[in-house]
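I am attaching a structure below and will ask some questions about it afterwards.
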Amino acid sequence: MQLSREDLLLAYRRMRRIRDFEDRVHVEFATGELPGFVHLYAGEEASAVGVCMNLTDEDMIASTHRGHGHCLAKDTDATGMMLELYGRKDGICGGKGGSMHIADLSKGMMGANGIVGGGPPLICGAALTAKTLGTGNVAVAFTGDGGSNQGTTFEALNFAAVLKLPAIFVFENNGYAETTASQWSVACKDIVNRAAAFGMPGVSVDGTDFFAVWSAAREAVERARGGGGPTLMEVKVPRFYGHFEGDAETYRADGEVAALKRDHDCLKIFRGRVTEAGLLSNADLDTVDAEVAAEIEAAVALAKVSPLPGPEDLVTDVYVRY
Amino acid sequence: MDAIHAITMPKWGMSMTEGRLSGWLVRPGQSIAPGMEILEIETDKITNVLEARDGGILRRRVIEEGQTVPVGALLGVVADAGVADEAIDAFVAERQLAAGAEGGDDAPAPRVIDVGGRAIRVLDLGEPRSEAFVLIHGFGGDLNNWLFNMPALAEDSRAIALDLPGHGESTKDVGTGDVSVLVDAVVDLIAQLGLEKVHLVGHSMGGLVAMLVADRLGSRLGSLALIAPAGLSSAVNDAYAGGFIAAEKRKDLKPWVEMLFADPALVTRDMIEGLLNYKRLDGVGEALALLQARTLAGAAAESVLAGLDAPTVVLWGEQDRIIAPPASAPKPLTILPGRGHMLHMEAASDVTRAIRAVAGL
Amino acid sequence: MPKKTFKQALNEAHFHEMRRDPRVIVMGEDISGGIGASGEMDAWGGSEGVTKGLYPEFGPSRVVDTPLSESAIIGAAVGAATTGLRPVADLMFADFLGVCFDQIFNQAAKFRYMFGGKAVTPVVIRGMIGAGFRTAAQHSQCLYPIFTHIPGLKVVIPSNPYDAKGLLIQAIRDDDPVIFLEHKLLYGVTGEVPDGAYTVPFGEAKVLREGGDVTIVALALMVQVALDAAELLSKRGIEATVIDPRTTSPLDLDTIVESVEETGHLVIVDESSPRCNIATDIAAQVADVAFHALKGPIKMVTPPHTPVPFSPSLEDLYLPSAERVAAAVEASLRTRKGAA
């Protein structure tokens, strides 16, 4: 185990922050106060955090429409994000992006992305920058099982392999593209099987196990930093909520979600592992829980009273100069 | 046979290929003396008057007002009263035939030469003699500013115009931006060309440079003609220099360029376009800013001018908005009424005449 | 001033900028040519030779040959631009837009706005446009109206070598995504081009000729067609102003309107398909802001609403000609507002 006590606390805090953020957005969305539509990441926390614990602020990630977790795993400010979800002027994107377009380039977060399959080609670019400038940085594309079927994704995989780019393609298979089961839509059954077709190493991991994700990502990141080229990771994760908020989820089996929450909650699993091993105490984790809960509570309270953008904001930020 | 003289479309500046005859100032049958203004010609750059080179009677207008014809085309015929109409007809026919058969443009072109490690563009017209006019343009200008003066000066003298460092197609490196950088370039050019007698002509910032070059030429200085020079008692309009540097588009630049002339109608779209093309070259903005800060600001050459012995003339436009005409100068000062800062373009003939007179050429 | 071809002017622009700024890279399929094959590198220098010679000087890290994979090429260029490089990506034929448009209009064009002004995406995407090359429907389109429609993109369409070099240098130095479109039939056109680097700003139209009777607006290859038409008209006693906007986004509407206010007549020559193109856009904007100045109908000279045909006899008919432009001018002058 190469994770220090501080690392473990940080990993837990980030996973907890994602869970609380998403659970709270779920509640607040139902009040009708949040505009637009949101896609929640709850249940998948160990994937984002397990990968991103191996990255620095200079390593870039691209995300998906289900991007809150990736942002928070990269330490994007939760309050700024909450304000953004509320469409506020002081949101992290000035209220111009919203849930699906949160970005924080200073943290190496190139943006959630409303276009499925939009991220992988962009990550090739971030990896190309790293390679061209010799920075030793890596770039990670998070994509879902739906995005795994996009042509842009296939192009990016081939491109990265041919140019030996320091890129990692993480496919978070949560079982569904909207309502469509990945078991049906992914012809080769397991996404990881596609790695061989692009001549790159592939690894499949249990996304409810933070440690499994962390060590698989660690190997991929080390390979990329060392000039060994790209890796494909399939991370199998549960999706605790619907495709978006308001999805009645009639396509899911009775009791499916309840069972996932009971038996496949990465936060519970993490807590069990670290306390059993004596690495952290329940009290340590409870402290984090309380701090994160207060943080999210404050973020929502602020978001509700923050000013909205005005007419002066409508036409700015289109160009650097026009 | 008595002499028959052609009036032809002049070539004012390297890029001029044709001109529009915008107005005849003399009627057929009218008697013409050399130097008389006989017609107005409009080019892409500017409108100017053409002076008669030969005396006689205007016998024929070959081209009427409003027509655009190539450089060198026959515009009219001047001859004495004794020449028969048939002879004039034959002359016109022959010239038109010849014009049709004429091939390329053999006018000498400017060339970029190496002067002590700097690339300097030079236009060298006239017979290759060791005595020559050397014409130095102003801030933001180039050798084409002398387009109306150079052909006349080169008719029976050698006339050399250059692009100063930071200008035209010369190097854009102006070092510290100190005036000595410009002076050194001109002094080195004169040495490299082996000139033994130099008649310096300088406009605006180029006038300042001319005074300081004159001071270093010693006995090689033939004469000095200063046109609205910087460095005497009037300061350079700093807002103009700043505005000229900052302007990026036609609309921004035009008002500043119009300040150069008493009659803003002289400013054409092509003139603005040409200046913008120059300003958009890499290094020009930086060079001009340095020159504004180091050469224009605090330019002082009054005592240098007072100490020069060579024949000198100082010409100024009464309506100069860039450097206002001073009340007095250390050398004879002629103020041209109704003219602005670019009086060598606005009153080309008067200025050319004054340059030749002071040089004794 | 030295004379150079349009292609040489573009080639020089690449050299200037790659020497000036190590962050500038070029990428695309065959951008040098011959990668992975057993012969020589720099085999092509781009499909038309515009990037020839860059590989020997700058090497594979800055002259990036890629698989034929437009989404990945453009997406990677865009991603590289947001992370510190200044890539110039070659799409070859702008028609290939169809297989990478998402990366242009949903990604590059929108980052800055979506991310609240925090992203900078200095990418240049080069593509060839235009008919007359006998390359038929999928290699001959002038798709600039589609790009012009998208907020966040700048669209540059040079018509001559001088502008080509200055506009490309400006495009590479520009901090916004720029679509740079080169008409295939212009590559061999020559003109005066300074040896040094210089820029031509976006959003400033060029007035190529001034006349008081009619304003003709044209882009790319159509600029020469408009100038030829102006010559024809001059012989018939009609003097035309010819304006090349040079960039369609931003568009210098002021210069066009100022001219129309003097001439009262406007004819727009546009090689793109006739519906929702630059001609309709300019016509609508001029009618909106300068209706008072119009003395006759605005005329649009465009190809028919068809794909570009292959057979030379058809393709020649397809393209606007100087005679058609002249006829449109005469039609506008004949049909005066208020007359029966």
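To keep things simple, chains are lettered A, B and C as they appear, and every chain counts its residues starting from 1.
Criterion: a contact is a pair of C-beta atoms (placed from the backbone, for glycine too) under 8 Å apart; a residue touches a chain by one contact, two chains touch by 3 or more.
Just so you know, these numbers come straight off a predicted model, no measurement behind them.
Peer 1: Among line, ring, star, complete and other, which best matches the way these chains touch?
Peer 2: Per interface graph, the chains form a line.
Peer 1: Per the definition at the top, count C-beta pairs in contact and tell me whether A-C or B-C has more.
Peer 2: Output for the comparison: A-C.
Peer 1: Rounded to the nearest whole Å, what is the centre-to-centre distance of subunit A and subunit B, using the mean of the C-alpha atoms as each centre?
Peer 2: Computed from C-alpha means, the inter-chain centre distance equals 69 Å.
Peer 1: For subunit B versus subunit C, what separation do you get between their C-alpha means, in angstrom?
Peer 2: Those two chain centres are 38 Å apart.
Peer 1: Can you tell me which residues of subunit C touch two or more of the remaining chains?
Peer 2: Subunit C, residues with two or more chain partners: 203.
Peer 1: Sort out for me which residues of subunit A touch subunit C in the complex.
Peer 2: The contact residues of subunit A facing subunit C are 60, 62, 91-97, 101, 103-105, 110-111, 113-115, 118, 120-133, 139, 151-152, 155-156, 158-159, 162-163, 316-322.
Peer 1: Applying the document's contact rule, which stretches of subunit B touch subunit C when the two form their complex?
Peer 2: 169, 172, 248-251, 269, 273, 277, 280-283
Peer 1: Once bound in the complex, which stretches of subunit C touch subunit A?
Peer 2: 23, 25, 27, 61-62, 64, 66-67, 69-85, 87, 102-103, 106-107, 110-120, 151-152, 154, 174-176, 203, 250
Peer 1: Could you please specify the touching residues of subunit C with respect to subunit B in the complex?
Peer 2: Contact set of subunit C toward subunit B: 1, 16, 162, 166, 194, 196-201, 203-204, 206-207, 210, 254-255.
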